[in-house]
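Shared between the two complexes below is chain A, which has chain B as its partner in the first and chain C in the second.
Let's turn to the complex of A and B:
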């Protein structure tokens, strides 16, 4: 039986596998290979080489600090998103009734209907010198003058990033919570476990794949973002994608590919480690009996 | 007219047609020479009046291209090039831009580089009679010629300086305001070395007598001097932010985030529309002049459409285009033909306004102007310094 199925399943698998290879793996391989090529001022393009100039350039002009600060921003934003997303998902899944559930899900989804640009821009109107928060702070007498650091600062960037990418943490968490058999929690309660005991010994371990998936989604989105940093960051604030854009503008393609390669390696490593520790793949496993 | 609507299809489509037609010419030459008024000959007539124009969105007049085509006998298929010269050059040198487009409309400065690589070819001014009417100072833009040949035609010109709030600062007439410690955190510059480095260099050259020869094309040591100066001020917290794009620029002024910033004049008009008291400075150090110039792409020569391209550029300088661009966007084509056209068509354009715009821009260029340069000799070093500034 299984012998007969094998060719059919292989045939069914072939198109998506080919698509993943063509649209996913191949471009990544090209990026890695081209990162070792060198720029040719005559043709204005890159030529085959085995040069580390692109990587060496990352150590100059403080470029490596942008990579590090991007990873820190991504890590911090992903953690913050999880801290907000977990109780939110819990409330949606376990506490809200069906109608409220739908309303809350709609509220979370609404940000997807606007562009990142519009969302970031609206934060400028909220956090700016003449923005809603500064107006309120002065109106109630907390401050005498507008607080400058609310906008064009790392604080503003993190606010913008969390607001933009929070749904990416909520949905995998919801997915993982839906896979938790409610009888486990009921049984724990029957045996006298309180809320925290149930949370730490049952819910958190059973949703760890969702936690990591949410973390990973936000992390990856932040690493690839630029709008929030450019709109809300201070003078010249940078992030990896802004830096790649900068070097592409002056035709330094090998360096752009080298930066991308490093970021890819970090993300790929993170996925491997996460899968090992948190069982990321289990989130997508079939639970049917 | 229906034909012209068809001409506004994508540039790629157009050039496919053109290449297909050339193939047909080879294969069916005998049939054509027999004088048959076939589909192919009608297509040839249509193609002869079409050029693929790959330019900054600034140069687009949208639906008015139809009227332009009617007047000049040549219709452009307009494609926005994104106004970022880095990717534009890359696409010309290593991509397919020369296969797709006939004429480019780029911010000035890259012509030398493009000509040296053979990506653009010279214009024949004898085929552009309207070039005679271009104002002399626009003809003197330093990037138009290379090796004595005319590689680009000034199509839109203007000059930038400082947007400021006179109610807060009084009259401003120097870029010194941007670096004034008293205005710490109340000023901004653009997040682009193309503009911010030259503004700073102009200030250091003219007001602080620093040894800078050409602010638009800094040597390695001059660039170091300029960028160290910017880095010091950034570290001191002088800049509220570096702004990006039109709406961000407007918002900085409109929401009173800054009292002064280097930037584009239309931001002043937008600020005033929103009820703010905003002025545009005439700095003692001069303006940053910029030109959006049209270049003839090598591909046009390969495809044998250079005559049509010349006809098109001649049309850009003919008056109608200048009137339309001035009315729609406030940009100026540097020729008196605009005013002549407006006077001849007062029902379409107001001669007073056309004249006023011309005088306004001319007045800027009557003083000191340093030209924006999108491709200075040390352009990769500019980027490296800009990174240092970002990370300072």
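Let's turn to the complex of A and C:
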């Protein structure tokens, strides 16, 4: 063949790249561009413009407090998830036998592919006034009347968020534990280090990237979540995704997209910084030659 | 065991693990149990009362059945597309030398875009382009949601493809296509099957994007969401329970396959010795 041919990687790349550009990048460009458009509250029409009205709207009606409380919820949920995920990953990787290891891995994988809607909804049956927890509290005699704050509260939302996104913290931790050279731990052991000493001086530092990735994944998922608040939150409860939804009731694209732009900047900023510092991509890359 | 944890620490580690699993599984399993209770009031059924009454009455719920059919069509199409696209993406990744990480990030990053933002933005793009909301628009939205997961699964299965196999085949005169069909494809087939099933489930259960992108016929999660908020009924428990159970079984099937393969590989290794 005399003609110069495209490298095979570009031909393979073309279809998925096209899908990513058309369905992924283009909408995000629209989000950023339309966030500067103007919106007429009388006709609900939007028109091309270079206005900051959408962003200014965030400062009104306490919308910025929703953003702040979302970030706080995301931070808290991510920490809670790490506290559960680290011991869990340790047990799966170091303690479980071969068969139990596979079973536990399956149990951690399943939640990714079940409905977040159904799982959040099922907490209503557990936390409600007639739910099992209230039944049990009354049966044991801890309270006389059903406890109201269990459901439709921030408590319920955080519980639902932890239940939804815990696996996102466990997976990167498992991947990072797999890459720890066991001889380091054995050496520490030989030199007389106990469990806690070995954990804090060897394992924790070596799994830093997994810890950060786990935190980041949960944080990002919570910032983008909506079903947990819609299913379990109280009357005035909100989170950015729900707020975007509310703003869209009057077809206020500029403001909805201004909020979206801020959220996306936070998310992608964190992911890219994380990749720079901890090499997040390498967590997945390790397996392939 | 690399570190001597000691009994107390080991107990502590397992207690936390079990607690974590309970947080994930106890509520949906409770919902599943309730769905077998013939009574109208939600509660754990007695063993003698277990009944499929609510599952049988699902047949009359035409709105739910129509939504389920729509969801199955969308999930199948999404799974086919996501698997093919992710295979191409993984093959490209395998061929790439420089810019590998950039390509990996490009495929995985859409996972982090919140569903509300992606759904809303994509619907805005479609509206401007004069494309009406339909089955196809939902599939477009679900494709990018499923692809990162399918891509990671397929990429993991590429660990079985040693470069030396391909070099050997090339030395024997096989071109790229021949190498792909005779060597790569058989080796990554388990990954492709897992990726297909995972993508199917991700689409079947996806709610937020479908909420913005669905046309006249809503998908099952969107219809369920409406019904959950307008007063729960045992029929909702049955439908939710059934979908949850099917999703779990699919993943369990993949896990069993994986276990079986590991065992075959083990005995193969022993035979070779």
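The rule is simple: the second predicted complex is superposed on the first by the 235 of 289 C-alpha atoms of A that agree within 3 Å, B and C clash if a C-alpha of one lies under 4 Å from a C-alpha of the other, contacts with A are read in each partner's own complex, and residues count from 1 in each chain.
Definition applied: a contact is a pair of C-beta atoms (placed from the backbone, for glycine too) under 8 Å apart; a residue touches a chain by one contact, two chains touch by 3 or more.
Keep in mind it's a predicted model, so treat the numbers as computed, not measured.
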{"item": "First, second, both or neither for A:162, with chain B first and chain C second", "value": "second"}
{"item": "Touched partner set for A:248, first chain B, second chain C, both or neither", "value": "both"}
{"item": "A:23 touches, of chain B and chain C: first, second, both or neither?", "value": "second"}
{"item": "Touched partner set for A:45, first chain B, second chain C, both or neither", "value": "first"}
{"item": "Partner chain(s) touched by A:235 [first = chain B, second = chain C, both, neither]", "value": "first"}
{"item": "First (chain B), second (chain C), both or neither touched by A:143", "value": "neither"}
{"item": "First, second, both or neither for A:200, with chain B first and chain C second", "value": "neither"}
{"item": "Superposed model, chain A: greater residue contact from chain B or chain C", "value": "C"}
{"item": "Overlapping contact positions on chain A, where the chain C interface meets the chain B interface", "value": "121, 124-125, 130, 230-231, 248, 253"}
{"item": "Chain B-facing residues of chain A, complex", "value": "42-45, 60-63, 65-66, 121, 124-125, 128-131, 148, 151-152, 230-231, 233-238, 243, 246-253"}
{"item": "Contacting residues of chain C [partner chain A, same complex]", "value": "1-6, 9-10, 12-14, 16-17, 19-21, 23-28, 30-31, 34, 41-42, 44, 84-86, 88-89, 91-96, 100-101, 103-110, 112-118, 120-122, 124-125, 128, 140-141, 143-144, 147, 149, 152, 155-156, 158-159, 161-163, 176, 198, 201-202, 205, 207-208, 221, 224-225, 228-229, 232, 240, 243-244, 247-248, 250-252, 255, 258-259, 262"}
{"item": "Chain A-facing residues of chain B, complex", "value": "84-87, 89-90, 93-94, 117, 185, 188-189, 191, 234, 239-242, 244, 247-248, 251, 255-257, 379-380, 382-392"}
{"item": "In the complex with chain C, residue positions of chain A that touch it", "value": "7-10, 12-13, 15-17, 19-20, 22-24, 26-28, 30-31, 34, 84-85, 87-88, 90-92, 94-95, 99, 102-107, 109-119, 121-126, 130, 132, 159, 162-163, 166-167, 170, 182, 185-186, 188-189, 193-196, 198-199, 203, 220, 223-227, 230-231, 240-241, 244-245, 248, 253, 256-257, 260, 263-264, 267-268, 271, 275, 281, 284-285, 287-289"}
